[in-house]
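The structure under discussion is supplied below as structure tokens; questions concerning it will follow.
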């Protein structure tokens, strides 16, 4: 089924919804450079046909940095071949994808350590001295 | 019953009855009037073939009149071709016809239909402007002309609103579209839109009478 | 029927043969009240509605394109001259009285009753500004024969006593004396004798049995009497067994033009009876357009059965005689253009005949732009030429014709219709125009090769 | 009345980090179809929200809705929402039975009077109260009693929202929907057969996050999920516009994944989020699997024409009535012509 459909899909990376999304990414990069404003695109809200998401992922490629987050299931945060364009994929404990985002930013917020966690961590560290 | 069900069901059905009954009523009402025989010696035989010939040839303007009638004729062509295409070559419409005719035929891509539909609407408005501004048309026009224009353009516009939506819900606008078509079907037999079928009678008659004389048709 | 009588005398000075302009116009005949006139008009409109007319009257789209074909509208831009508007009252009566939805039209009052003011206004539209030339019938995208409807609408106008003064007088005289110009059988015989002497040609009159019955129009007898001689020359040269008849010589049909079916029928039957009486195989109509429509296409229907003889327009006869070699003509060394009489060419179907004749006569036949079936009318057909008050309009319309003729730059202008010819003569005088309308038949007669047969 | 812990407290107690919480908020925003820029507000709201009490009533239903909701095994992010609500009564899921179960329901009603949510799946028979009872109480009575002190009612699934299969023609039990019976409380309809699990949880998340019911359409459905049609968001839409249609289920068009309009797809008139939210953990949705949309989230979808009839098919009777109309036309025409002729004859006589 899938192989059949893939063979029918046009080879262009600009297939279906991929083209307008890449266009939006380009505009988001401009915004980031000009006004420092980050953009998040929620891929869950977009209608994808079979194989289109894979086309998008392939079209964006893989960049220098990737990270894995373990909180309520794993999350993968990966810079694409286009610096400043990040691919975020949240999974639940059952390893099902619960969210996919494209973030156009210098560093995705979720990579930063959060104050609440820092404070909790420091408390744990302090406990070590007792 | 919601509006769409009403439109697709009783409204369309009653409209179809009126369309069929009204059209036949008008045709029979004309055809059963007295018919006087023509005893003159024909110059040439002219039967059904002559009728068919003129039904075809009058679709085109004779060369001497082309310049004078170019503008309204072009608009009329665009309007009629647009109407024909939107009614009979739009795939959902073909599905509709197939629903009760049992046969289907190839359609055109929707984008082309939309284009032709928009062109038909534009042409219709241009024709209306002409009717409202030309001294000749202002004089000879009556309620029928304006109402027939309205009921013809309405389904075109409501149909074109379906892909655009204009803030209305699909089934609402679809229902309005179908109701506007029902209105067209109800009015068609009675006003000048009857030319849909009368054109064959008038052109055919002239074809037979004048071909018989060997005169210009 | 009429309140005017005996005040009409021939205007022998005018370029067209007609009566002198009436001092007081009587464009209403009879002493009917308005309601009676309305009823008469309506009743006699209604008689005409049959399947053909009904489909026409039901089929109009109000597209207005007929206006672009009508010389009266083209030259004046007056929207009232839109052909379909001219039959508005006729159409309205149809919808109210006979159409498939007449019941509702009456019940709901959808079509206004015709008023006397309407009828008076439409007299101008149905008579003064329509020559029944049928150009509009060719442009109509629905194929409606508007000109035919105008002729029928005139029936109602006539019965309502609403015919323009002069046209009514002419028609009445035709009904009473057998000729619109009051030419009695004796007078016709006199003029034929005169022409026989003048042109040294044998003119058979009142022969009991003949193959061909030739007839004339009063316009020719009175104004172009040489036509009588020309007709005789040609028929003699062709070796026909032929005759004129004093009991059936008048080809014009003013009953038809004015809108009185009874008079139309009487005039046609006179010719038919004469032809039947002598056992004619062919009736040759003179150079007259409406005579062709009246007898060739409507005669049998007046007779109530097919005619036992052929009806030919003189141009058709000439074409046939020349093509078969019955007669021969010398070529004239002149360029010639031809004005098509509407009722013979466009509406009669004999367009080609005149061209055949002209190609025998000259090597330089010049078709007018829009010549043939789309020809502009002379402006005087359908009885219009008789109506004095229509003169300014008719002259205005004639401009189109002048342009058309002038563009050919031909040496000679001919036609095959005496009515067109007098209309041309009159307009020529009005404008001081160079072209004089000639007769196709006379041109053939003048150039016959005597020993060629 | 004991103080219920806030959601933030619950999550922290479970050892969820702030990063995890942000991830949870991002997912909630995604579920609610809110823009990512709303995440900080959501985070703040959820942090301080208190667990609402939820009573789930099941009437004439097939348990498909519950199956759909529980399809995603716990602990999932959606599952967390159920950790953050207090599901006090659900006779399929709860351990208690009989009197104990009913006692739990009454306790929750008393304790959270005016503040609890009632979720209903299944339609309610009105023909005879004996058609469906729980613990000897008829469905109508239980609904009325339970709803009396509720903040809002959520009708889960097409049966509860619109009557569904039990309410389809000929409707032997006289089944009606929740909104037919509950007129004095806000009713949120989450139709579908079954509804999309994330949509169900999103409605709860919205209530939880904003303490109010979401914007509803004319059928009482949250606009966020039922605001656009399947057709509007369908990845096969371009084929519709190009006029490329599957004519049968096994032709080339079907294999190429062309539009299913001709095979009866109700996508254009169906408002639901299937095309984007998708099913089975985002795997696909019916059209992606090659089957036309049945329109299950629309009122009376069982009775709204055949599943495989194209949408634009008119609901015509047989041709017999049309033939009758034609005969009537002939008769009317003949009468009209006869009347016309009679008038002509009369006028001819009168001259």
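Going by the order they are written in, the chains are A, B, C and D; count residues from 1 in each one.
We take it that a residue touches a chain if its C-beta (ideal position, glycine included) is under 8 Å from a C-beta of that chain, and two chains touch if they have at least 3 such contacts.
From a predicted model like this one, the values you see are computed outputs, not experimental measurements.
Among the chains in view, B has its Cα centre nearest the centre of the complete protein Cα set. Farthest chain from chain D, judged by C-alpha centroids: C.
Per-chain Cα centroids separate chain A from chain B by 56 Å.
Between chain A and chain D, the centres computed from C-alpha atoms are 31 Å apart. Remark: chain A and chain C have CA centroids separated by 91 Å (rounded to whole angstrom). Averaging Cα coordinates per chain places chain B and chain D 42 Å apart. Under the contact definition stated at the top, the residues of chain C that touch 2 or more other chains are 49, 98-101.
The set of chain A residues touching two or more other chains is empty. Chain contacts: chain D has residues 332-333, 336-337, 340, 344 touching two or more partner chains.
Inter-chain contacts occur between A-D, B-C, B-D, C-D. Of all the residues in chain D, the ones that touch chain B in their complex are 229, 231, 240-243, 245, 261-262, 268-269, 271, 299, 304, 309-317, 319, 321-322, 324-326, 328-330, 332-334, 336-338, 340-341, 344.
Taken in their complex, chain A has these residues touching chain D: 4-5, 8, 16-17, 40, 42, 44-50, 52, 69, 71-73, 75, 90, 92-94, 96-99, 101, 109-110, 114-117, 120.
Across the complex, chain C meets chain B through its residues 49-52, 54-56, 58-65, 67-69, 73, 77, 79-80, 82, 84-85, 88, 98-101, 137-145, 296-301, 303-307, 310-311, 345-351, 370, 373-374. Residues of chain B that touch chain C in their complex: 25-26, 28-41, 43, 54, 58, 61-62, 64-65, 68-69, 72-73, 76, 134-142, 144-145, 190, 192, 194-195, 198-199, 201-207, 209-210, 213-217.
Chain contact summary for the complex, chain D toward chain A: residues 16-20, 22-24, 26-27, 29-30, 33, 35-37, 72-73, 75-80, 233-238, 255-257, 275-277, 281-282, 284, 288.
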